[in-house]
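Consider the two complexes below, in which subunit A is the common component and subunit B and subunit C are the respective partners.
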Partner chain A sequence: MRTGQIPIDVEVTAVGQVVPAPVVAPSGTGRLTWLRNLTRNRKALLGFCIVIFFVLVAIFAPLIAPGDPTSYVSRPNLAPSAQYIFGTEGQGKDVFRQTVWGARISLTIGFATGALTTFIGLLIGLSAGYFRGKIDDLLSLIMNLFLVIPGLPLLVVISAYLRPSLWTIVLALAFTGWAWPARIMRSQMLSLREKDFVSASIVSGESNARIIFLGILPNMASIIVGSMIGSVNYAIGTEAALGALGLTNVSDVSWGTNLYWAQNNAGLFVGAWWTFIPSGLCIAFVAFGLSLLNYGMDEITNPRLRAERDLNDVLKDRTLRNIRATPVVRRSH
Partner chain B sequence: MRFILRRLGFYIIAAWASLTINFFLPRLIPGDPASTIFASSRGQLRPEQLDQMRAALGLSKEPLLNQYFTYLSHVLRGDFGTSFSAFPAPVTAVIGNGFVWTLLLGGTALIISFILGNVIGIIGSWKRGGLIDNTLPPLLIFIGAFPPFFLALLALYFLAYQFNWFPHLHAYSDTIGTDFNLNFVGSVINHLILPATTIVLVTMGGWVLGMRNTMVGVLAEDYVTMAEAKGLTQRQIMFNYAARNALLPSITAFGIALGFVLSGQILVELIFSYPGLGYLLIKSVTSLDYPLMQALFLMITFAVLGANFIVDILYTRFDPRVRTG
Partner chain C sequence: MSDVPTKEPAGNNYGSTLLDIRDLYVEYETARGPVRAVDGVSFSIAPGEVFGLAGESGSGKSTIAHAIMRLLHPPAIITGGNIFFNGQDVLEMNQAQLEAFRWSGVSMVFQSAMNSLNPVMKISDQISDVLMRHDKKMGKRAARERASELLDVVGIDRLRLDSYPHELSGGMRQRAVIAIALALKPPLMIMDEPTTALDVVVQKEIMQQIEHLKDKMGFSILFITHDLSLMVEFSTRIAIMYAGEIVELAPARMLFDDPLHPYTQGLMNSFPSLTGPRRKLTGIPGAPPDMVSPPSGCRFHPRCDRCQPMHTRVVPQLVEVKPEHWVACHLYEADPDARWRPR
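Let's turn to the complex of A and B:
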């Protein structure tokens, strides 16, 4: 090595010290590997496809089922036929139109609530976990209160007083649903806060906001996405429940209100199964898709489950692609 | 003991919080219940009755703080006012009846689902990759994704309306008296099967998965290897060594599940017209019976709090570590 040449890049700090320059990780790897792995996970992929399918149905509703879903098209309770492929409901409206258009409100409420709940959860969970002490005690107490007070009865009471509209439902759902994400964020924050890079940032005098949002938050991306999927699932299910109870705006067309009208127009009694099965199945499939997506995420980000999947591959004599943990096989039983 | 006292303190705060939410909700949200009732009476009520209605609902023009203390003292005395829809019965009488049915349905469903789910989880983890482990958990996850009320609708439609295997409505047959005899008990059980099965099916997946994942961890512990080395039978190791330790998270979840059952049950009760608290709650909302609705919300909340507290007490018996903590 020739003299005068320094093998690594150096920087000169403000006080005149010579330090090695930080090594910049190649972009696209590291923090976001879980996102790439997600596309390789069979469960996650299937779940993603199901959810995207319904999102597309919602977006292209005017093309898939043209016409007003609330208009009366024919005699009530017609069985499915070539003209009305899902039949007509108890008042003579087209069930297919209602199912397709119902996706719009149900999914809007689901995703809006999911985003809002995650945002509140992040704000409160991160503050509790980062500041600890008295702030944590108080915020944790509030979280635990909201976790222990039963959500659906509270929602029923709230919607009895509120004049329900799409956005009041979103607000009410977020009000009863933020505590669980907040608790997950808090515990994640508590463990990340102990990491060396956080201590380093504190010592170097970074502001709290900068440490939380630029230092810690990116490391929680997978948890945040996971908890958001859970929140969307909760919101869609609960909106459907409230809708089926007739506690949302019953003149809106959503999967929940479809079920309400099916019951109200005695769909069960007259044997018109086509009035409640399509909307119910849609809710179930979206919920199933979101759960699959979440299980897939869990398998990718949870080291223990990851090891177990590798183990199953070994048991089934599949070749391992990239082993991240040593599989151990118990042969005794 | 300190643990129990701390938990008790928390539940008292929680009870107070739900009382306060219950008080402020109708007062902070725009529009007042009395006007809603007045508007929906379609001219049957005279305008001067509006003020009487407000008084009956405890909505007066007094300062909010005074109203709040009047309200608290009424609740402490167990006075929830008079039900509008079941006039002149006091709210407490209406609720007492519903409570028994909710407890019967929720309790039965929860216990069956807890036992079945955990046993399947234990066996599944023991023979990992076996038949049970490969088929049941995914199937239960799929069923669990169904909203409980939709599953209830399906069960009601196919099993009760189409095949007539089960009764459609209510908690016992209308044609028999409520004397406590074999006939009555049989009818109650017959009416319980469908709603309880629905709840069991929806909730079981959670228990299976939770138990299985904890068991997988516990089975790797040294004391399980030790037990095997001692030559204990498989059954002894499975239940007395592994499952016993893996059960702790499930017990914590039991309290949460109870709240979930009482919440989720509302719809199942409504669909089967099962006369529990949830059914009453929805009926009180649709008939604008605000005193009954408020009392029911409190009742359901207190039931959940009480159940959680009992679980906490049990927990100290199962896990000695929390007793000192």
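Let's turn to the complex of A and C:
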């Protein structure tokens, strides 16, 4: 290179273009950028706060609602009062304690199942998409099989058959829930593996594991996070459904079993709404929070969506939004 | 229309005007504040003219091209100016008028022509689509017939009508894209880096074919590229853009023989000449400016080797320093007679 004439930070290409060396913009320091993006997005921030709130409630349950949630504290079906702020349920247990402590098992099952489901989905989906051919045929067959089997009835059968405990529920939920994430990972892998950088890695002799996990996997980060949040959501909802049906361990305290006991003790019949509303609302809020987080993630990881939202913030005028053309907003210059 | 140009070389010497862009501003809304990608740009294109728009990446060339068709995606906003096409302002059009204007008024050969073809549709269907969309009375058979004519025009064998894009070579795909752009016989064709992805031989072939078609059919071309040698060869007039502004505008030959703006001179010194004497290549030092907070005064001053203190404060106006040769640079003075010369 003729370094004598051309400054180091400029390159002249064969066709005569002057290409300046990239100038690295001073951006936020590395790892915390995602957190800043998260807080800047209203949807994601709200979702994040809701989820974190319930996680904290679960962690600090002994401080928030001290005492054994399974002990009988007073007469049954007491309405909410200063002493028992959520009242007591049909057997005389404190509903507030049960709701707070219930977060522990519900969220544990939710996050454990989410992680396990995503892990199995990744493993099977990535292998199917990367190796293609016979391996893909076989794995796709299994995935499709699991997709067509109706999940809840199978779960009911499995949970009834296994001795109910927290971890058997996690296993059962992961067993019926892994196929959908696997399918998503597979299709992502199929399209990513066609990219030139994968061919380049193959040519340069990198191992398959290295290409999959260090080359391709980071490109799927947003999809993996999204699918994981979705799985957690699915697990919490389904655990509640199973719990309400009495198919989990009914001596555990979770939001699902709270609903089961409320129904078993005829809470609805005697008009004791406080026995099922708190747990039900908690489930709804966590699902709401996780969904918001997921939509927010979409916007954070997809710059196009973010740009559209920013633009809509600028264009308060609705008529401008619906025209399929670049908006004209006259400003003084 | 104002009679005294504010910042722009409004007229051309060809009598009539097909496209007249006046004082166009385009901004991108970003988290760091609005980025003005196009900053008060004005130029006009005469019927039958090939107008070249050159400049480095990010200087606003493609933004202008897309703004003409109002095809910029969010977060872009057009924040000022007028784009007159045959006297009608594109920026005032409603959805129906825009739909009629797009493609039959101005068509476009996109930057990545390879990607602008739908991989799962036959070439014939992609051409017929355009024809039948704009002429509701045209039947499937007539559209197919016209599609094969168009392939003839751009030099693709009719037998390729039922091919899929992946069955064609890069050059053929490019020709097919040009055929689609020609389909409605628009008076103006925007070519955004039409040959960047092709080798020089095919590039030349296609450019010559375009020129031939232009002479035969009489459309104008807005030609965008950063390949200056190609541009000088095929354009009538050339505008050089830097940081969202036109810094120099002149007939192609004049610009090539006597570039005035230091940036243009830098560009000209960045590519080798095949026929001229051997000379040392010099690049342009520095990097393109950050468009969120562009440099004060003359935007090129941080990279300019003839910069003087005044240049960092005062914004130079685009003035006609020689007949038809416009420059925005403090080193030159306006030709006092230029404004009064009849156009």
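To be clear about the criterion, the second predicted complex is superposed on the first by the 268 of 333 C-alpha atoms of A that agree within 3 Å, B and C clash if a C-alpha of one lies under 4 Å from a C-alpha of the other, contacts with A are read in each partner's own complex, and residues count from 1 in each chain.
Keep in mind that, in the parts below, a contact is a pair of C-beta atoms (placed from the backbone, for glycine too) under 8 Å apart; a residue touches a chain by one contact, two chains touch by 3 or more.
All values derive from a computational prediction rather than experimental measurement.
Legend: residue contacts after superposition of the two complexes on their common chain; A:Ile283 is shown touching subunit B, with no touch to subunit C.
Note on subunit A: of its two partners subunit C and subunit B, the one contacting more of its residues is B. After overlaying the two complexes on the shared chain, residue contacts for A:Ile149 are found with subunit B alone; subunit C is out of touch. Looking at the shared chain after the overlay, A:Gly246 reaches subunit B, while subunit C stays out of its contact range.
By the touch criterion defined above, A:Leu162 reaches subunit B but does not reach subunit C. Comparing the two complexes, residues 304, 308, 315, 330, 333 of subunit A contact subunit B in one case and subunit C in the other. For subunit B in complex with subunit A, the touching residues are 10-11, 13-14, 17-18, 21-22, 25-26, 29, 31, 33, 126-127, 129, 141-142, 144-147, 149-150, 153-154, 156-157, 161-162, 213, 216-217, 219, 228, 234, 256, 259-260, 262-264, 266-267, 270-271, 278, 281-282, 285-286, 290, 293-294, 296-297, 300-301, 304-305, 308.
Residues of subunit A touching subunit B in their complex: 141, 144-145, 147-154, 156-163, 237, 240-241, 244-247, 259, 263, 268-269, 271, 273, 276-277, 280, 283-285, 287-288, 291, 295, 304-305, 308, 312, 315-316, 330, 332-333.
Every residue of subunit A that touches subunit C in the complex is listed here, in rising order: 2, 5-7, 9-12, 15-18, 20-21, 23, 25, 40, 304, 307-308, 310-311, 314-315, 323-331, 333. Contacts from subunit C toward subunit A in the complex involve residues 25-27, 29-31, 39-40, 56, 66-67, 70-80, 91, 93-95, 98, 226-229, 266-267, 270-272, 280-288, 290.
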